[in-house]
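The structures come next, written out as C-alpha cells.
Same chain, two partners: chain A is paired with chain B first, then with chain C.
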Partner chain A sequence: MKTFLGIDVGAVSTDLVLLDENNNVLSDVYLRTLGQPIKMIKEGLSIIKKENQGIFLEVLAVGTTGSGRVLAGAVVGADVIKNEITAHSVAALYINPEVRTIFEIGGQDSKIIVLQNGVVVDFAMNTICAAGTGSFLDHQAYRLGIPIEEFGEYALRSENPVRIAGRCTVFAESDMVHKQQMGYKEEDIIAGLCEAMVRNYLNNVGKGKKIAPPIFFQGGVAANSGIKKSFEKEIGCEIIVPEYYRVMGAIGAALLAKEEMEQNPRSSTFYGFELVDKDYQTTGFECDGCSNHCEVVEIMIDGELIARWGDRCGKWSLGYQPIR
Partner chain B sequence: MKKIRIGIPYALYFYEYYPLWKEFLTRLGAEVILSKPTNKNILDLGVRSSLSEVCLPVKIFYGHVLSLADQVDYILIPRMVCVEKGAFFCPKIIGLPDMVKSSISTLNSLLVPLVDVRKPYGTWKNSLFQVGQLITDNSLAISRAFSISWENFQKNYVANLLDPKLLNPSLLAKDTKNVAQGLDKMTINININIAVVGHDYLVNDSYINLNLIDKLKKMNVNILTPSMVPPRIVKKQLKKLYKPIFWSLSRKAVGAALYYFENKVEGVIHLTSFECGEDSMVGELIHHQSKQYPEVAYTEFVFDEHTGEAGINTRLEAFLDMVRRKKQYEINFAPSR
Partner chain C sequence: MKLTLPRLGNIEVAYETIITDMGHELIEPPPNSKRTLDLGVRYSPEYCCLPLKIVLGNFIEGLELGAEVLLMAGGWGPCRFGYYAQVQRDILIDLGYNFKMLIMELPRGNWKTLWDNINILRNGKKWSYFANQFGLAWQKILLTEKLENKILQVRPREKKKGITSRVFADTIVKIKKAKDREALKQIEREALQQFDEITDFKKKNLIRVALVGEFYVSLEPFVNHHLEEKLGYLGVEVVRKNSIRAWVEPIVNLHLFRENIKDEKEIEQAAYHYLAHSVGGEGQSTVGNVVLAHQEGLDGAIQVIPFTCMPEIVAETILKKVSEDLDFPTLTLTYDEQTGEEGLNTRIEAFIDLLKMRRRKGVMVS
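Presenting the complex of A and B:
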C-alpha cells in the first residue's frame, strides 16, 4: 500500500501518523516524548508497523515537524522538514478549507494562526512565558492530585468558576493555593484555572489578532473540554476540536511531504521501518575554534555520522544529509 | 611617541556614529580599537557586570567595554542626549556612561563627551573637540580633522544609503572589515523581499539576532534594512504619523518600516529586544501601521539572552512559508494586486 508518514516531535509528545494515498489516517500514534525523542520515534514506528501487520507499506514520503523536527528528520531520513505552524495549518485546511482561525496549544508552545482563503495571513507564538501552555495545566493537575485526563470533566462540573490570576504561572499558583485555603470547591478552582489560561492565551498570543469562525482547536490541550468550554464562553462562538486534534501536526507533516513529492517527484529518502533496529548515538562537543564555544551535536547511526549541527559559523554543520 | 589607543565598543549607537569617531580620531593620530563583534564571551562579561533590569543590548555594551579594558588607554562612551530637534536618546543611553562607571570600578579612563545639540557646549564640534584635545594641543588640527570627518560622515551617510528601488544594501561604516560583516550586494531578480527593521544594533549584531540575516539569506530572499532607506525618505515617511517619534534611534526604523509597507514588500519583520522601552511604543506603532497594508506580512521577533534558536527558527520558517504560500495563491487565483 502506498503511504505517507508524518512525525511531530514536540517538547511533550511525539506523534506519528500514517496516511494512505487518499489522505485517510491508517494509524495515529501519540507518545510522551519524555526527553527521549529518538527512542520515541522508534517506538512509534514499531507501533505503526505492528498495527498494519501483514500489509506491505510502501512509504512514498516522510515529513517531520515540531521543535524536534531537524533531529527527527535526520533520524528517519525525512524528505520534508517543516515548522509546526505550517504543518498545523495545512492539516486544518485539509479537514476544513474554510477554517479561519487555529488555536494550537501544546506542551511548551501555544500558537494562533489566522487564515484567509485557505492561506495563512498571520500567526503568533507565545514568547518567553509558558503560562498558557499544556505544561502549566500538567503541573497544576499534578499539584491537585487529579489525572490530567480528568481535568476537563472537573471543570465542566463547575457552576461557579472562581477568578484566578492568569498573567503568570507563579501568581496563578499562589492565587490557586489561596482559593483552596479559603475553601472553594475543587471543580470551581479548576474551571477558574481553565478560564485564566484562556484569558492569558487570548491576551498574549491572540493579542490584536482577528479571531473569526470557523475556529479549530488542536494540540494536546484540546483534549481538555474545560478549556474548550472556556474558549467558547470567552469568544462567544463554537470551537471545533477536530477528530485527530492530538496529531494534527503529524498529519500536516505527512501532507506536506506528499505535496513536495507531487511538486518535485523523486524517491523518498526514508530509511525504512528497519531503522527501529538500528543503533543511534548522539555525541556532542564544545568547539574551541573561537570565543563563541558553540555546542556541537553529532548524530550517528551504527557508528556512521549522519548529521552534525549546533555551530554558529557553519564550520561543523553537515546539516542533515540523507544516506542510503 | 606612542600613539594613544582609544577603544570603541562595537555596540548600541556606535553602529551609527562609529565612522565619524573613527575618522576623526585617526586623523588626529590616535589608534582606534574597535571591539570584536559580539560573541559569547562578550555577552557573559556584560551579563555578569550589568544591572539585571537593563535590556540585552545595554548588557552587551558593558561586555564590549570590558573586552576593551586591557587593550586601550581610553574607552570612548559619548553621552548621547540629543542630536536633532524634538528627539532624544533612550534614557539608558543618556545614562550609559554613568551606569558603566558605577558598575565597573576597574575601568581605565572613560572619555565621556556630551552630545546635546540644544546646548552650545554640546554640539558635535565641541564634543569631538573635547576629545581631540586629549590627543593633541593643536587646535587647528583638531578643527580641520573635525571638518573633514564630519563632511565625510555626512556625505557617505547618504552615499551608503540608496535609491527608492529597495535594492542595493550596504551598511554604514564600510571602511573597516570589522563593521562591514553585514550584508552583501543583492540583486533585483529575487522575488521575495523581506524588510528587517529595528535598531541598528539588533539588525546588524548577528549574535543578538541569532544569525537572522544569514538565515534569511539562506532562504533565498532579498533582505532590506532601515539603513537602506535614505534619511530624506525616512523624514518624509515619518510625517505620516500624527505625532513625531520621540527617540532618535527609533526614527530610522519606523520611517523604514513605513516606507517598506508603502512599497509593498512581501514581509516586514520588526526586531525588538525584551525590556526595550522604546520598542514597547514603537513596536505597537509599527504593528498598528501594518494593518493598513494587509498584503504585507508582518511579524515581530523579541530577543533576549536565551541562545536557543528553535523559537526563532520556527517563527522565521513559518513566516516565510506564509509569505511564499500567499504569493503562490495570488499567482494562481487572485487578480494581480
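Presenting the complex of A and C:
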C-alpha cells in the first residue's frame, strides 16, 4: 500500500500519522516525548508497523515538524522538514478549507493562526511566558492530585467558577492555593483555572488578532472539554475540535511531504521501518575554533555519522557527506 | 593609553584608524560571546535592555585585558541609551575597576567636555592628521555598511552555502588593514567582483523583507541570533533599514550643517499618519520604515525589539494597525538573554511561508 508518514516531535508529545494515498488516516500514534525524542520516534514507528501487520507499507514520503523537527528529520531521513505553524494550517485547511482561525495549544507553546481564503495571513506564538500552555495545566492537575485526562470533566461539572489570576503560573498557583484554603469546591477551582488560561491566551497570544469562525481548536490541550467550553463562553461562538486534534501537526507534515513529492517527484529518503532496530547515538562537543563556541551535535547510526549541526560557520555541518 | 570600545556589528574596522594611529594602544574587546552576555547580565540592573548588558560585558572583557580608558557614545536620548555610559561607569566603579571613561556626546551648552575628550583622543597629533584619520575611519564604516547591504542580496543567491559570509569575512580583514582611501576603493572593486562570481543571477523574484526596529539589536548579529544570515539561507533578500550612517549623519548634520537630513524627514513623513511625533529611540522610524517598505513593494517587514524597550513596544502596537490598513504582513521578534533558537527559527520560517503563500496562493511547499 502506498502511504505517507508525518512525524511531529514536540516538547511534550511525539505524534506520528500514516496516511494512505487518499489522505485517510491509517494509524495515529500519540506518545509522551519525556525528553527522549529518538526513542519515542522509534517506538511510534514500531506501533504503526504493528497496527498494519500483514500489509506491505510503501512509504512514498516523510515529513517532520514540531520543535524537534530537525532531529526527527535526520533520524528518519525525512523528505520535508517544516515548522509547526505551516503544518497545523495545512492539516486544518485539508479538513475544512473555510477555516478562518486556528487555536493550537501544545505543551510548551501556544499559537493562533489567522487564515483568509485558504491562506495564512497572520499568526502569533506565546513569547516569554508559558502561562497559557499545556504544561501549566499539567502542573496544576498534579498539584490537585487529579489526572489531567479528567480535568475537563471536573470543569464541566462546575456551576460557579472562581476567579483565578492567569497571567503568571506562579501567581495562579498561589491564587489557587488561597482559594482552596478558603474552602471553594474543587471543580469550581478547576473551571476557574480553565477560564484563567483562556483569558491569558486571548489577551496575550490572541491580542489584536481578528478571530472569526469557523474556529478550529487543536493540539493536546483540545482534549480538555473545560477549556473548549471556556473559549466558547468567552468568544461566543462554536469551537470545532477536529477528530484528530492531537496529531494535526503530524497530519500536516504528511500532507506537506505528499505535496512536495507531487511538485518535485523523486524517491523518498526515508530509512524505512527497519530503523527501529538500529542503534542511534548522539554526541555533542563545543567547538573552540572561534569565540562563538558553538555547541555542535552529531547524530550517528551504528557508529556512522548521519547528521551534524549547531555550528554557525558551516565548518562541521557542511564538512561531511551524509550517507544517503 | 590602553583604550577599549564596545562592539556593534563590524564597527571595529574603524578602531585602529582612530585609536592605534593616534598613538594609543587599542584593546580590542573579544567578539560577543556567551561569556560577554553572562558578565553583562550578572552586573546590570535586571530590567535594563539587552544592549546595555552586552556593552557592559564588552567593557568588562576589555578591562580584563588591561584597558585603562573606555570610549563610549552618549547623548541626550534617543532613549535610555543616553544614560548607558553613566550607568555603566558607576557599575564598573562599584566592581572595583580603575579606569577613565570618555563619553563622546554632543553637549547641550557646555562644549568643553567634548573638546577635552577629543584632545585626549588626538593625543598631541596634528589636527590635519587627526581629521584625516577620522575621515578615513568614517569611510571604512560607510564601505562596510555598503558591502553589508550588498551581501544581503548575494546570500540568498549564493552558489555554495556559506560562501558569501566567508568572502565577506576576508573583506572585513582587508578593510581593517587599509591605510588610505585608495586602498578602500581597490577593496571595494575586488569585493564586488568576488560577489558577482559567487552569485547565481538566475535566482530572481525572491521574497524581500525589511528589517526594522531597535538599532543595536538589528545591527548586532550575536544579539539577533544572526537573523540576516538565517533569512538569507531561507532564500530571502533582507532590506536593512537601520544603519550607523543613518544614525550618525542626522546628529552631526543637525549641529553643523542643519541640512541634508532628507532620509530622516522622509521616514518621519511616512510615519506621520500613524505616529506624528517621536516616542524616543527608533519608535517613529520603525513605523515610517514599515510604511516605506510597503511603498517600495517589499513582501513584509520584521521588527526586532530588545525586551523592555519602550519606544519599540509603542511601535509594535501601532504596527498592528499599519499592517491591517496596508495589508502588509509584519512580524515582531522580541530578544532577551535566551540562547535557544528553535522558537526564533519556527517564527521566521512560518513568516516566510506566509509571505510565499501570499505570492503563490495555495502552494505550501517551497
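Operating definition for what follows: the second predicted complex is superposed on the first by the 317 of 324 C-alpha atoms of A that agree within 3 Å, B and C clash if a C-alpha of one lies under 4 Å from a C-alpha of the other, contacts with A are read in each partner's own complex, and residues count from 1 in each chain.
To be clear about the criterion, a contact is a pair of C-beta atoms (placed from the backbone, for glycine too) under 8 Å apart; a residue touches a chain by one contact, two chains touch by 3 or more.
All values derive from a computational prediction rather than experimental measurement.
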Clash or fit (per the criteria above) of chain B with chain C on chain A: clash
Touched chain A residues, chain B compared with chain C: C
Partner chain in contact with A:Leu18 - chain B first, chain C second, else both or neither: neither
Partner chain(s) touched by A:Val75 [first = chain B, second = chain C, both, neither]: neither
First (chain B), second (chain C), both or neither touched by A:Gly118: both
First, second, both or neither for A:Met197, with chain B first and chain C second: neither
First (chain B), second (chain C), both or neither touched by A:Val29: neither
Common interface residues of chain A - those touching chain B in one complex and chain C in the other: 67, 82-86, 117-123, 125, 127-128, 208, 290-293, 312
Touch list for chain C against partner chain A, complex: 30-34, 161-162, 165-166, 226, 229, 307, 317, 320, 323, 329, 334, 336, 338, 342-343, 345-347, 349-351, 353-354, 357-358, 361-365
Interface residues, chain A side, partner chain B - complex: 67, 82-86, 117-125, 127-128, 208, 290-293, 312
Complex interface listing, chain B residues touching chain A: 36, 39-42, 207, 211, 274, 287, 294, 297-299, 302, 304, 306, 310-311, 313-315, 317-319, 321-322, 325-326, 329, 333
Sites on chain A touched by chain C in the complex: 67, 80, 82-86, 90, 109, 117-123, 125, 127-128, 208, 256, 259-260, 263, 290-293, 312-314, 318
